[in-house]
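Labels for the chains are A, B, C and D, by order of writing; each one numbers its residues from 1.
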Amino acid sequence: MTKLRHNKAMLAGLIIIAFFVLVALFADLISPYDPSALGVAYQKPSAEHLLGTNDLGQDIFSEMIYGVRVSLFLGIFSALIVTFVGSVFALIAGYYGGAADRVICAVTDIAMAVPSLPLTLLLIAYLKSGVFSLVLAISITAWTGTARILRSRVRQICQLPYIKIEKTLGVRTPVILFKHVLPNLKDILLTRMALSVSGAMMTESGLSFLGLGTYGQKSWGNILHFAFFRNSILRGQVWWYLPPIICICIAVMGFMLVGYYGQQKKD
Amino acid sequence: MKRILALTLALLLCLALFAGCGGETKTNPTPAPGGTNTAAPAPTQQPSGGQETPAPTQAPAPTAEPAPAGPKHVANLIVGTTAANNTFNMTGQKDAFGRMNYNGLTQGNFFYRDENGDIQPYFCKSYEISDDGTVLDFTWHEGAIWHDGQPVTADDIVFSFEYMRDVKKVGSLSNLTKIEILGDNVGRLTFSHPDVYYWMNTSVMNTSCVYAKHIWEGVTDYSNVTGPEAAIGCGPFKLVSYDLDSQTSVYEVVPENDFLGEITVDKVTVQSYADQASLMMAMANGECDAYYTYASPIDATLIDTFAGMPDLDLGESPFAGSYQMLFGCSRAPGDDVNFRQAIAYAIDYPTAAATINGVYGQPANRGVLNPSIKGFDGSIGMLEYNPETAKSMLEAAGYKDTDGDGWREAPDGSAIDLSVIPQYSSNMEVRSRLGETVVASLKGVGVNCHIDEEAITNSEIWEDKVTKEDYDISITFCTSGMSYSTPFRYMLAELREGDSGWHWGSYHSQELKDWYYAMTEAINDEAYLENSRKLQHLADEEMFALTFAWQTSFFPFRTDKIENWGNWKSWGVINSETWFRITAK
Amino acid sequence: MEETHEILLRVEDLSVSFEGKNFVQAVEHVSLEVRAGDRLCIIGETGSGKSILLLAILRLLSPTAKVSGKAFYRDKDLFALTEKQLDAIRGSRISYVPQGSGNGMNPLLKVGFQVAEPMIAHRGMKRKEAESRAVELLKSFRLDREETIAKQYPFTYSGGMRQRALIAMGISAGAEVLFADEPTKGLDETRVKLTAEAFNALEGKTLVCVTHDLGFARSVSSRVSVMYAANQVEAASTEELFRNPLHPYTRDMLAAMPENGLHFRPGYAPAHSDAGTAGCKYALRCDRCSEKCRETPPLFDLGGHQVRCWQYA
Amino acid sequence: MLLHVTKKVVIAVLTIWLIITISFTLVHTMPGDPIIFLIGEEEYYYLMDNDPAYLEMLIEKYGLNDDLGTQYARYMKSVLTLDFGESYSNHKPVLENFASAAKWTLRLSVPTLVVACFLGAVLGIHAGIHPGGRFDRITTPVFLVLNTIPSNCLSLLLLILLAYKLKWVPINGMVSPGLEGAARTASILRHMALPLFILIVFRTSGDFMLMKSTVSQIRSEEYVLTARSKGIGRRKVLFRHVLKNAMVPYSTSLCMQLGSLLSGSMIVEVVFGWKGMGQMMYTAVSNRDFATAQFCFLLSAVCVVLSNLLGDIVNAAIDPRIRREVGTDD
């Protein structure tokens, strides 16, 4: 534990993540109201409504709590996809090298060459609206960074003598990959996962801001979009547009701290 | 290291400046002003380097010595709009230029619709419809000139009607058989059917104006003409210059085309803003005089931040546009009128009104039409939000919660899960909020329902579903422009034989179809009003659709420099009469 | 002969420790003198603080290092000089030769230029003149095809070639004292001989070399100082030390050499963190350990042969 | 070197072609009838009622109901002849819209790249030289936070504060109307100030992180120790040894950024109403403006591929080891 204590920043990140995960898990208990229940619109923050109500009279505080669930689910789920796809490609490219490596590198280059946000816009038009299609749209272009970094690390590991020995001993490839190579990647995988969660949440907030988010769900980006659409800025309804901005920044930073300082711990 | 830091900050500043204006100077193309005609300088594509002031055609108006006893001219009327200043083509209705021509800014529209919705002559001086509604006699202003200096001739008039009928294929002119010129400035149109009234009413706003023969003859692909000649008309103002970067277009007066009397405005500037918020801020600072965007008043949530501002009139008036909720009447449970009548009590109208129009939205009546629409029948009862009544009516109609899961089942025991489809559009915010309101209201009385997410993001899927009547509740929007053909157009389940077009309704009834067509093709007001009243009562009894709320529209304008504004209902102060009535203070 | 015996380098009670995550006492109370023409070799296990001693003298350690004690070059107190004044000595008067096997040379610059760099900085030579002088230097170390390899980059050199090029870089500005850090590391037998010859060929240069290769130390040095767990435990002339090692650690170390029969003494040097505790560091592994060894033995001077062991009190 | 370069160029062309095909199929098989977006919802329904023939003529004109194969062939031919057709929104040639949009995007992205690269490098070096030092402890968390804030959140916050509340900067738009010469430039600069500041902040924090980690890594390399031991002075050690090595990864990232010079940042442009490439792409995709959308994809693909190529060449120039792999030295 000593490393963690010293690495204050990473600790802070972990605390933030833990806080949001807890809120997401116990959303139903914590939130005072059902976020989709209608009520008197545009109320100022008061005892009953901690953050006031939005244009439908729905309690913003409950919306924010449920928003954690969508934003977190979306961030983590797309991070899982991104890390999974990235590491599979990296393992194949790094371990086999040669033709496989060149093909995968070519695919990565192409995926990088395509501009990510417009492609996401395209995919969103394609897919049925909903959180899953948003996750898919976000992670389609986000895996390239992870793949590239993991690939160079896998190639490094595969040069190590003990891997070569394993090969000569005829140990089956999957065993080598998952017993020897993957554990070594644990550190990088963790940090890349954290970074891709923060990346995904940033993209989601961008998309919802452009009005392409999921209308049905209550994500932070969505709350911000409707706050902006209803001119809450000009009307000075700070309690409506500020909380989503702050929460998105804090959550994204939480994951970023874990990701960035996680790497620091390694070298 | 300190020295390096200081050095970099200095460098940073000049780099930003250099790159900033560097970018400015290095890309400064000045396209040669094209234009087919010579006499007057065609509207120039504004070089980004600045607006060069073209030499005015006639001698500059004698502003030096005091104007004669006549009204004080407005030097420069600045109209703020949210439509873009990109395309300048009189044959279409796109962008600010197209929408301003609803008010006859640069085009000689034959007629215009006045404050009370009656047809008044504009380019025409007078008109007379024959009793059987098949012949239209009209006279027009002599002395009108095209903006390129050429006079408007009788040939132009004849060419205009032929062009509209044959090239633009305006539906209501399909039965026009004869176009005659009976004397100078006197013409007659003869139809094979009593379509005069129908043509005048449906196309008064759709570019039915004089077309220049020497420009448009032989041009079939008219909407893709992007040269300066596409902006030439014979209206009171001509396009002088436009600047795409600052989204501004400037129009100068053509005194000869004084259709409704002396033109009291010398110059009109149309300035477009990215959104309503920045427009209102600009108007508050006096940067623009009045707001005009076709059929989209300033959002209620924005207006109360400017209420009580000095010299700023909010331009309040009842709004003709409205949001409708259509029942899926071709399948259970929508086909049961009792279910529909019960649901009519379940919808949370106050919240819906607030969502659509903020504090200014009022509950509507059961007749679908707004008070500001021609033919509104005030005798019809109001819609009422009363969940208890709704529940008791549902119980009475046999919709009980038989399996105890909290949701009501149909009388035959089958489960109910209504699919709610807001109409697809590029801005879905209000409609999806209305969808949420409907869903929450229905669940409040125990009727399970959900928003059809697929239709929200895909126009093809949406159109396919509503055409196949694959919905239980559909939410649509009828713009104020459609107020003549009324929201009932959206509720038609099928069209007249031979008519092809969209039909989104699901209430198959002969009366609805007959009365609708009788109304829109009425040859006189009485027929129009009578059929409209019948439709409203049909809606009241059958409740196949309802209007969420009556809205108030806001078209704000400043009152410090200009007076004699005329704020038309759900249209605003910028209308066909503005150019002839407003005067400087 | 007075001239040759003048004291060039005097280190008094030098201690170096690092804060960082956990406290490390790298060097503890080391004092030594180096006279002109001396060829001192500091030997000891890896991690005994030998290299850190060298770097501490030239103040090349990272800022987190806590250095106490004094170090004098001729009459200048090295620790009192400003960075600018110290730069005037580094490279021109005392130069540091890093390991040949590591990447001691900048991978992106030509070797010829890197050897010439001290000359440009200290002797005010123009670049062309310094580079041709550098080629001469490389010739003197028999690197062959000197003109062409001077224009090449460090990664094209073998370990041995790089080591000799580094030595050339060390003396290129005419430095009196040469600090060498593990010059034989990673080199095979023949390369070690070549490097030894290169060092011995340097007449009139004072050498302070750090190594764990005893054979190399014997063939290059005139005096030897032995370090163990941040302490200097024994110092004597090379011939005296190899013939009559006094300190138990030196004796065991020599016994472990291949030519002396490879007798191993089990156990490990104490970890850095508890190096700061009192008492003889070698007590745990010493077969003659007695009650007295609880206290830290001072450095006894038996006629020029210093040893830190209570046996010789 | 020649063999290597030709191999790279061939790969580059192949990548571009592949991206064109992908973007073409994606854009063309996108759901939603483009005609609705071409002329606007209202007019579409009005024309459907009154003048369906005209709609047919439009569909015919844009060849929208030919099968995909012919449309693709026609598109490839037009790409090779650099005629990118007409934008659906204002019927002007796509290249003309591109010229004005690119002009405005470059006004933001060029200063951003230049300033951020410079500022990021200087601050990064300063922090990297003494990792854990006072300067590093202050700047790293600040830039880390700035790097993670979603661009739309920061843009919104600053817009509210500076434009709405303090009125220092115009709310949006690119230039105030009716000005020319110096006044126009001044107005452009005033409009440009806030978006430029935000873009510089993001880019600088990215560059800072990269430079700082590179420098702090190089700083502990042996050859830096050797360089310091040569007494050539701190400045020479920094520029000749530390910086030269730090430039390899830094220049690669700069080349990458060159690739995105023309694509502009979509969110900042939308928030500030900046009619640059980012906004053009956004409206093209959401309004199913096929011609413009494909052109934007093609352009960004070409830019990214070219910048990768440039990155390789710059790397080979700086680092002899890479050149060696390429088999040029003896």
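Rule of thumb we're sticking to: a contact is a pair of C-beta atoms (placed from the backbone, for glycine too) under 8 Å apart; a residue touches a chain by one contact, two chains touch by 3 or more.
Note that the structure is a prediction, hence the values are computed from the model and not measured.
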Chain with minimal offset from the mean of all protein Cα atoms: D
A-D or A-B - the one linked by more C-beta pairs in contact: A-D
From chain B, the most remote chain by mean C-alpha position: C
Distance from chain C to chain B - Cα centre to Cα centre, in angstrom: 89
For chain A paired with chain B, centre-to-centre distance based on mean C-alpha positions, whole Å: 43
Distance from the mean Cα position of chain D to that of chain A, given in whole angstrom: 23
Between chain C and chain A, distance of the C-alpha-averaged centres to the nearest whole Å: 52
Chain D residues counted as touching two or more neighbouring chains: 31-32, 164, 286
Shared-contact residues (touching 2 or more other chains) in chain B: 277, 281, 458
Parts of chain A lying in touch with chain B, wherever the complex brings them together: 36-38, 41, 55-57, 124-125, 128-130, 211, 214-216, 225-226, 229-236
For the chain D and chain C complex, residues of the former touching the latter: 130, 132-133, 220-223, 225-234, 236, 240-241, 244-245, 248, 318-321, 324, 329
Complex contact set, residues of chain B against chain D: 1, 4-5, 8, 11-12, 15-17, 19-24, 27, 29, 48-52, 86-87, 92-94, 168-172, 202, 206, 220-221, 223-224, 226, 243-248, 269, 271, 273-275, 277-278, 281, 425-426, 458-461, 463, 479, 481, 499-502
Residues of chain D that touch chain B when the two form their complex: 31-33, 36-37, 39-43, 45-46, 48-54, 57-58, 61, 86, 89-92, 99-100, 103-104, 106-107, 110-111, 114-115, 118-119, 122, 126, 164, 171-181, 184-185, 188-189, 192, 196, 273, 275, 286-287
Residue ranges of chain A touching chain D (in the complex, touch as defined): 9, 106, 109-110, 112-115, 117-119, 121-122, 125-126, 198, 201-202, 205-206, 209-210, 212, 224, 228, 233-234, 241, 245, 248-249, 252-253, 256-257, 260
